[in-house]
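Dropping the structures in below, format is structure tokens.
Across the two complexes that follow, chain A remains constant while its partner is chain B and subsequently chain C.
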Partner chain A sequence: MAPPPTPLSPSELSYLHTSLSLHPPIRPDARSPTSFRPLVAETDLLPAANGSARLCFADGTEAIAGVKAEVEKVQGLGNVRWYDNMDAEMGGIEESERDGEQEGERGKGVGEDKWIEVTVDMPGQRDDDAMVVFLAQMIHEGLVADGGLKNRLVINARWHWRLYIDILLLSPPHTYPLPLLSLTTHLALLSTRLPAPISNHDEDPLFNDDWDASSPLYPSSDTYPDAKTPPQSSPARPPITLLVISVGDNVFFDASREELAVADAVLAVTVGAPSSPSTGLNLLAVRTIDPPSRLSASAAEVGRAGAEIDAEGGKEGVWKASKGGMKRRVLARMVQMCVEGGGVGEEVLGGLGEFS
Partner chain B sequence: MPLDTSTYHLALLRLDGRRWNELRRLHAQISTQASADGSSYLEMGNTKVICTIAGPAEVRGAARREGAERDNAVVTVEIGIAGFSGVDRRRGGGGGGKGRGDKRTTEMQNTIASAFQSTLFTHLYPHSTITISLHILSQDGSLLAACLNAATLALIDAGVPMSDYIVACTSGLTPPKSGTESADPLLDLNGMEEQELPWLTVGTLGAGERVSVLVLESRVQVGRLEGMLAVGVDGCKQVREILDGVVRRQGKRVLESVIS
Partner chain C sequence: MTDRRRINGPLGGTAPPVFVSSLTSKTTSPAKRTRAPDELRKIFLKTGLTPSASGSAYFELEPSTPTAASECLASKAPALKLTCTVHGPRPLPRSAPFSPQLLLSTRIKFAPFAARQRRGYIPNVGERDLAAHLETALRGVLIGERWPKSGIDVVITVLEGEEDNSWNKGQSGESGRTGGWGMMSILSGCITVASAAIIDAGIDCIDLVTGGVAAVVRQPTAPPQVFLDPCPSDHEEIFAACVIGYLQTRDEITELWTKRSIMASTDDNRANTMEFEPLVDQAVEAAVAARLVLIEAIKESTEVKVQTSQFGHPKNAAS
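Showing the complex of A and B:
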């Protein structure tokens, strides 16, 4: 999944690499390592979808996500699992002990992974293209790892919602589109509303026609309908995936295309909002992504010759792909900056929360 | 979905409260995406389309062998219908990728490509392609017309010279009033009316009466065709006014940002 190569020369790349590994680092656009470029977002723009969002990043890439929900009958084992829970339901405590992620009024049953379907559509790419499938899978993984979302889809013992999340990338992929797609999905899920049921517990579900009566999939804190929930707990949020790069010992967020080209390591970190406040965020997934430099010819040669670690190899002023792996200290710091209380992850979640 | 349109003759009002010659709300934006050569966003009622242009660019890959000796630019059209665009979710309706898309989408692609192939000054760009990508976000009738209008705007944004705007709208025919033979033409049908009534899409070049696109897929008495066409062409004039306003506003904005 390599984006097109940057038009920068080896000496320009070398300059960029050097300035990014300084202390403090100097980014080409003078941002601080953790600051994001401005982005444009819009939610609830499609009348035919339950939730939708459009997001434009500063580099001109743009994506639209639409969420559509359908009612479906629970199949097979899901039934049994539910009835187990029903016995214990009188004492809701037991149940929540067994499944730590149970939350809110919806979280009475246990959802299944396959209730959420994610598809990614990219211009000029086939449906079964490896990159498209990989991206969809990564976003799906994040959403189900959270656990909160799929449990919200339970309607009653026999029925559940099935969520189709279709993500359209409207622009050609200049950089790794993963953070763009993930943030768009986040916004779309935040704006998703499901019709209010008017049927009782285990009846076939009937819904209120009035769209104003519909309830949001992710209730925001001030309109939280369940009075029993302690007000100090932060509202649940869909997870997001951030792309973090490291150059030398420095860690950068929201890397531009040029910065990605000289990155030593690229990490996709998926974080979710915690169920209890003030502990930072939950870490849901970490994936390493091959930086573009690894895909160049010189890097491939090194791979064949065996991992020979060379700290500052090559000539002065000519950029060469870094060899060897990444330091554990850097890796730890990259993840730490995403999840810690008051860290970048919380800031992004907070910023996106303003839209809903 | 059967739908009762026979109430039209009682008050001469349509299902959504319009009169026979009224367009739906037509709203358009131009230059919506920075990374594309040209882009536009168009709403005709609840039909919403995003169009992006790539090119004119050099022909690459397999298409090169076919197109290398041509003296004109080749216009290709890709239409992607989003899964969430309709009332029910539908997978794989579009031709955004290769090797998929149904026949109706393919036909729309061909219609749009041939319309612009003859209107754009393609002889200025030999050995190149102009790719029009249309993303349909929401559909509620007049799909082809919305695609044509959005593509026109995006091509203007991309700076591809053309002789005039291609503007399009639909027109239909009410069911005959009981007891008489008369049937009134209607302008700009919405999705529900399209399923019920005979309708055609007409696209004209500019505000004149030069028809460049005409698609009629339903049965209609030939005597009534003329009335439908006249209403459609008249609607195209109104659409051109609106699109022209959009382009001029954008032009003014660009000029102001240059001056200040």
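Showing the complex of A and C:
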């Protein structure tokens, strides 16, 4: 599941690890811990898709994402059994009052997780490979975690959009491509437009074939179609996933391949735009990722003696991957840096906002 | 061409009708949690049950509401039953490239009868994802360089899994790829049972890793609160949940998985924002509690092993 190990010798790795765990740390390309490498992006490049984006990172990794939308009948409506709504009927007045309230608030129903499908295609990898599965799952998890996107897919009580997000990684996977794929998906969703409906409330949907009349899936806050849905009610940006690594006590963003090779802990943090401004970002999902250092060949060279279990007490000048997990305070700091107001997450979201 | 001469059954599968009890209207209301917020369900853990594997363990969580629900099939409280076998360390096949350390492979499979909806035999995406989580949790714990050129397989079968909805809530919206909240406590159980089985197989570890779950739950009256070891069907709505794989003696986390908006700002704005750190701390509490059970189970099996090595197997001695 991990990317192939870097061809660095144990002493080179040791040098990297030491310089990254200094205070302040020194990165090989002299960036600050939170700065990102430049990236190239374009949107709306696939004419046959509802939305698309291409993103190219500085290390040469590149991905294309296409978003296709299909109209689908709501599943499970036909076989509602009589007892399913039993308690609602028995519940009486207050239940129906609450329904009415929600109706007015949302105007529509609530979406389901399975209306969004994410597939990832990587060159030279089987599609049941652990890494491909994990990446698709992680991106899907982030997209459904903030309820905003799936609620947008409701057309009326009987019909909904189904969104297919297909991501194609063009370059061989040198590093974990998670942030690349996540940012590409973000841009593709921002550029996604859905045709404007010309049918009324609960009719079978018909759509205007004028593409200029279509409405964006994520309307930017100033071009809201009507004042009925205020921008505060749902986050107007898709979530993004950031890859954060820690070396010693230091935390780094946008790690290069060499830095990943000596990481003590790797964390994928999904953040979404908050529902109300100025409170920092919403934390949508966090998961640990196996640091690739544990898989590299040099990890085992020292410990053969068997006496020393802890990696930190290894020989001077020869680096060895650490055992165990990450400390709680490092973990808290990594998450905090992504989420806090004015933190890295906001900066990245702001930077990507320039494209739309 | 459909067969028009006979009356055929419906195309899709059908679920058996579950009738509302006529005695009280209370049966359709969801089961309520009777445990305290920081009280875990009782854990049963035993190692060494599969003789053909080099290490094995069985893990069970009791149903959360054993008494009230037993009469009605529909509101039967879910239990969690896992069995884990560890095969190896065994030599890699000749064709495999050289590996300086132990290669770990994990596999989690739901038995076809594990949940309300039948599962196929081919692992689906959710199961493979759980296996990836488990691999992350275990990799940091194994001292792999003591077994070069070899591999172990950790295989977990979920005999009975938890579901998000109790049965009388209608269609379970699950069956999607992410699975639901039930997956979180399944993963936590998997981490604990795999740890027990690896120790039973005699593979060196730096510490015992155990799993713990905590969730932020909406309550009917009070503000949202953190509950340890949540059972999804007990709670009305879960905002966020966190699974952890924790090493107590080193105070380190090998695996962390949280889902859903943690800074959940709902109707009342600031009062119920839940922070990330308290949730993780509560999950750690749950993992520490599970560790006590794990240690007891290992002690028990070690005593049996010592006895059998000294006096032969007790069964043989009796005959």
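Here, the second predicted complex is superposed on the first by the 301 of 356 C-alpha atoms of A that agree within 3 Å, B and C clash if a C-alpha of one lies under 4 Å from a C-alpha of the other, contacts with A are read in each partner's own complex, and residues count from 1 in each chain.
Following the convention adopted for this analysis, a contact is a pair of C-beta atoms (placed from the backbone, for glycine too) under 8 Å apart; a residue touches a chain by one contact, two chains touch by 3 or more.
Quick caveat, the model's predicted, so the values are computed rather than measured.
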item: Which of chain B and chain C A:Asp113 touches, first, second, both or neither; value: second
item: More chain A residues in contact [chain B versus chain C]; value: C
item: Touched partner set for A:Leu283, first chain B, second chain C, both or neither; value: second
item: Touched partner set for A:Ser32, first chain B, second chain C, both or neither; value: neither
item: Chain B versus chain C as contact partner of A:Arg328, first or second or both or neither; value: second
item: First, second, both or neither for A:Ser9, with chain B first and chain C second; value: neither
item: Doubly contacted chain A residues - partners chain C and chain B; value: none
item: Chain C contact footprint on chain A (complex, rising order); value: 1, 76, 79-81, 83-84, 86-87, 90, 112-114, 128, 130, 133-134, 136-137, 140-141, 144-146, 267, 272, 274-276, 279-280, 282-290, 294, 297, 299-301, 303-304, 306, 309-310, 323-328, 331-332, 335, 339
item: In the complex, chain A residues that touch chain B; value: 45-49, 52, 56, 59-62, 64, 66-68, 70, 119, 121-127, 129, 164, 166, 168, 170-172, 174
item: Residue ranges of chain C touching chain A (in the complex, touch as defined); value: 12, 15, 17-20, 25, 28-29, 100-101, 125-126, 128-129, 131-133, 135-136, 139-141, 143-146, 148, 168-171, 173, 175-178, 206-207, 245-247, 250-263, 265, 269, 273, 276-277, 280-281, 284
item: Sites on chain B touched by chain A in the complex; value: 32-36, 46, 48, 50, 52, 54, 78, 80, 82-87, 89, 91-92, 94, 96-100, 133, 135, 137-139
